[in-house]
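Some structures are shown below for you to check.
Each of the next two complexes has chain A plus one more chain, namely chain B in the first and chain C in the second.
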Partner chain A sequence: MQTTIADSLPPQRALGKRLRKRFFRTPLDVVITVASVVVAAYVLIPLLDWTIFSAVWSAPEGDASVCHGVEGACWAVIEARWRLIIFGLFPYEEQWRSSIALVVLVVTAILSCVPAFWTVLRLSLLWIVGFAAFYLLMRGGIFGLSVIEPSEWGGLTLTVFFFAAGILIGMPMAICFAMMRRSTLPVISRTMAVIIDGVRSLPLVTILFTAALILPFVLPGWLQGDKIWRVVFGFALFFAAYQAEVIRSGIQAIPSGQDEAAKALGMGYFHRVTRITLPQAFRNALPTTINQFVITFKETSLIVIIGFFDVLASGNAAYGTGEWSFAYVEVYIFVALIYFVFVFSLSLYGAYLERRMRVGQH
Partner chain B sequence: MKFFNLMTCAAMAAALCAPAAQAQNGDTLQSVKDRGKLNCTGHNGSYPGLAELDDQGNWKGFDVTLCKVFATAIFGTEEGHLDILPLSWAQRWPAVQSGDVDLVIKATGWTLGRDTEIGLQFSRPYMLGSVNYMTHADLGLQSPTELDGGTLCVEAGTTYERYAVAHAASMGYEVKMVPFEKTEEMKAAFMSGRCDAIIDWDLQLAVFRSQTAENPDDYAIVPGPVTAEPLGVAMRQGDDNWVDIANWVINTLIFAEERGITSENVDDMKADPPSPQIAKLLGETPGIGTVLGLEDDWAYNVIKRHGNYAEIWDANLGEDTVYKLDRGANALMRDGGINYSLVID
Partner chain C sequence: MADAAIRISSMDKYFGNFHVLKNIGLQVDKGERIVICGPSGSGKSTLIRCINRLEEHQRGTINVLGTQLDDDLSHIDRIRREVGMVFQHFNLFPHLTVLENLTLAPMLVRKTPRAEAEEKAMAYLERVRIPEKAGDYPGELSGGQQQRVAIARALCMEPEVMLFDEPTSALDPEMINEVLEVMRELAEGGMTMLCATHEMGFARQVADRVVFMSDGEIVEQAPPAEFFDAPKHDRTRAFLEKILDR
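Presenting the complex of A and B:
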């Protein structure tokens, strides 16, 4: 049995050799390596010091004065105010309901990512059950739960709710929009084009503002509904306008021969769309769809301007008191981390889907 | 904030197209009583000292306490009878026009445009917001005009920006404006030395100095107000009874302070009123409720539960809080301020 030199060397020397080979091969390599390490240390050491070593982690009895004159971060603000950030204005004693509702929504979303649920029937059942449970928990009114109006919902729960509801209502709308946009009847396709372009050329803020404040002046009373649903609908409409174009781009990437072949085989419109066009369109449009999801998640923070306490507004309220007003950086970092966890999981899931469907390999 | 002003205009345009949003005399109180709840304004986020949230997500602050005072005046207690709706600045007017809120108590200044074009009605001011400059202490400014030739960090599109421009023009000095979108950005720029001064309401400056700044002594509020903004309770136009209630509820707090009625001694005062006016106010002599459409003991309930003006100030802005804000112009007239009571006859 032969042994190479590297095998017989003790592990430290092998490591040293690898390091030398990778980072210190030529004088230029040495310079670059040393410079990078110095720059990294210059940035990282103060950052680590601020975030960890000099930080204040806890304030006994929520007393903010422990942070005064401290060099590092004041994470005590999170300890004292995290319930406000996560649950917003939701009544304190009932916040368990909000937390279960949040878990229900997230679990429903995760389950609908599992391929075993990917039939129309299962997905719709899942989301109907998920949303019903969410709504019952949040609003209450039965099983002895006190009624909590949507104006008191808030925090992370509200953000996730807006995201989920916006996408769930928006996605079927987007599919309809895309199919109508591709209709061979000019009346339908032109009208749809005007609607899509019209919605896309308005800022989301104005759409939300109109939905929340101006619609009540023009709609008859029975059509108004609660403010939260008008806003969710406006949000979904905005998402649908963009997503419709994403889906259309996916459809246009499919060779037209496929549709014609399906026609020649005598398949009806509904079958051609659901069995031939849409599955491939979604596969083609997957990266852009995930992109759209990510953007939509971040856009939920705009609901603050119509008085909803989403997670960002709750963060704002968390440091918006005399005791904690110095700790806004810490609160914003905490909120940013929450956003990061959600958006990064979305991206990871998108990457998994792409691998699974082998998108991009042709 | 300019953008939101634009949107307020849009909302107002829509409101004007809709059937007249004028209230009829007495119908606000009636609808509040029918509903069993008073709808009052909160904040979308927080406004330190006026409308903020405690660790449990309950509203507190000076404006919020006034909301509680109004609910108490109408229902005898605010518990279960008050809904505080979080509203953004731009939402205030559409919300009050459409009847979503009965009162706007949200650091709202009384201006000509709001009073006339937007169709609001204001109560007597409940607070005078004094607007000052704050500079780096080593500059040692003694009056606003000494800022001549300096730079001023402002939040773009706010009334403060306009105040500074107007003051500089009328007093004949020059300041260079450096606009920012967010308060935090503006403050950070000021602290890093990007500009010589910031302008804000003295309450906000006090918060900034005591909490945000590492060394409060580095910064000094320049004596002498740039301007002062009277803050009032805004209501829909046309309901005189509702305006009367707002005025007399606010007046009760000031009157009580003037006459030394506090939440602690109000029971003794009621049992043995030292003057006919106090007897009338506390409902021992009947009449103060019926003329407004309220119960005769409404003022007693208010003082019993929330105290007089000084007590509310101390609990939310003054000595008992981190703000430690001086009463300043909001002191009683006898103490050198401008607060005075209307006459109870």
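Presenting the complex of A and C:
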């Protein structure tokens, strides 16, 4: 006897039956379902009307007056001011540089998420090239590009730069911190514990202030560097202190037999850490690591207090010119969407990694 | 003398204030097969783990293949390269495939080229009779298969001495034999073996000498026939009665 594929699948109920079973089984179910639909309609219909049907989408010649007296959203503000939000104070004629730089960073980040790039050599090459391209484009000074100081950088490009640079510098620091924290020498492990707890007990704002304003008084001139790099370093330090504990928790979850087996095979400390401990630690700590990335991405908005115009600050500036000051909700929704795209991509990627790694778990 | 693979003399080991191993003296010749037995907590595992410095001893000397085991890291490295170890809980690397488990250490430690390491790994997988699992992850294997992979992993380093730390204690009963079979073949091939186990049948058939430990001491050592049929010490007799009359 032949069995078709349909026979071997579990029987599918008709849609009507399934709906009835899930939403209308008892009188209480009926009440809850109906009430939910009414509430949803009550909220959604005006919302849709505001965002789409009654909205003004464009303002000819950037004139804000088209939105006056309109019931719906004034998306025209985005059309008129999006360059400010994405590029900040970057000079108008040179904004193509900022946009390419942004694309370069995002592409570099995406490429480094591809497993084929996961060797120390490839990842470092990729990021060195990526950052070099970014820096050349943004700062200029060669190939006939005019010099644009980091103080003029801004918008989404600056946000992504701080995020990428902070994590890129912070992650190796975090790994070192975590390994030192686990050292069998009390001098090293205790000292590291104090440093980690010290950094964690400081608000990020304080660290950024210190990096931007106080360090120049303390450090000799040749060590000061540009403000942007001091701030990136402060940002990285803050990330590293938290991420070190995330990695340490991942290491803690590895059975001691793993390290012993590697030792028994004659593997040295460096190989044991890079081939046995860290790959497993990152697997264990993957959800928390993604969480840390998400938090870090949003914390970039704090750089505004030391005079950098990230995407949120640029958004504030975008509606802050009197003419568009009524349209702040639209601007904030737009900025929120940008954040959402980045954060949601991060969590999708995290979910992909978890699926991919499940193969190797028992 | 020249043929000694392992020479341990008046060795003491403490865990804190607890005296785990007391005045251990043991010599293992090349090609010799030693089974260490004794009640749990008697120090057999600790003794085996001292030989490749997974545990540090506090007094006495351990000499492995002519190298003194002391604080000199190069000595420890040399000994670990030449001494293979199989654990009770397999300790395969779960994030690597079976083949990668086998080739990792030869490539990193012995600097064997990948192709050669893989060829050798496949040969050892044949020998433990699971070449078809090369691409699988350890989590997809049964306990017996994992332990056979663990044996192959140790053999890929081409060690001169193999240490077994209760290799069948964590296995389901029906899988014990497939592992013992592999160990038996290894013994027949002339490998120097030191094995802590409760498998008395294996000890009787394979061992050149059985070492009985109790409370951190070596109480008695003798060839299996003598050990099982005419034990000299009361403690040995009490242990054998308990373990054989099940």
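By definition in this document, the second predicted complex is superposed on the first by the 335 of 362 C-alpha atoms of A that agree within 3 Å, B and C clash if a C-alpha of one lies under 4 Å from a C-alpha of the other, contacts with A are read in each partner's own complex, and residues count from 1 in each chain.
Simple rule for what comes next: contacts are C-beta pairs under 8 Å (C-beta built on N, C-alpha and C of every residue); 3 or more make two chains touch, one makes a residue touch a chain.
The model shown is predicted, which means the values in this text are computed figures rather than measured ones.
Student: Touching A:Leu265 in the superposition: chain B (first), chain C (second), both, neither?
Tutor: In the superposition, A:Leu265 contacts chain C only.
Student: With both complexes superposed on chain A, which partner does A:Phe308 reach: first (chain B), second (chain C), both or neither?
Tutor: In the superposition, A:Phe308 contacts chain B only.
Student: Give one of first, second, both or neither to describe whether A:Pro46 is in contact with chain B, with chain C, with both, or with none.
Tutor: neither
Student: Which of the two, chain B or chain C, is in touch with more residues of chain A?
Tutor: B
Student: Give one of first, second, both or neither to describe whether A:Thr206 is in contact with chain B, with chain C, with both, or with none.
Tutor: first
Student: Touch test for A:Pro172: chain B only (first), chain C only (second), both, or neither?
Tutor: In the superposition, A:Pro172 contacts neither chain B nor chain C.
Student: Between chain B and chain C, which residues of chain A are contacted by each of them?
Tutor: On chain A, the chain B and chain C contacts do not overlap at all.
Student: Can you name the residues of chain B that touch chain A in the complex?
Tutor: 3-4, 7, 10-11, 14-15, 17-18, 43-49, 52-58, 83, 85-88, 90-91, 94-95, 98, 184, 207-208, 210-212, 214, 321-323
Student: Under the touch definition given earlier, write down the residues of chain A that touch chain C in their complex.
Tutor: Chain A residues touching chain C: 255, 257-258, 260-268, 271, 275-276, 279-280, 283, 357, 359-362.
Student: Along chain C, where are the residues that touch chain A in the complex?
Tutor: For this pair, the touching residues of chain C are 52-54, 77, 80-81, 83-85, 87, 89, 91-96, 104-105, 108-109, 137-139, 150, 153-154, 157, 163.
Student: Within the complex, which stretch of chain A touches chain B?
Tutor: Residues 62, 69, 80-81, 83-84, 87-92, 149, 151, 154, 205-206, 209, 212-214, 216-218, 304-309, 313, 316-326, 328 of chain A touch chain B in their complex.
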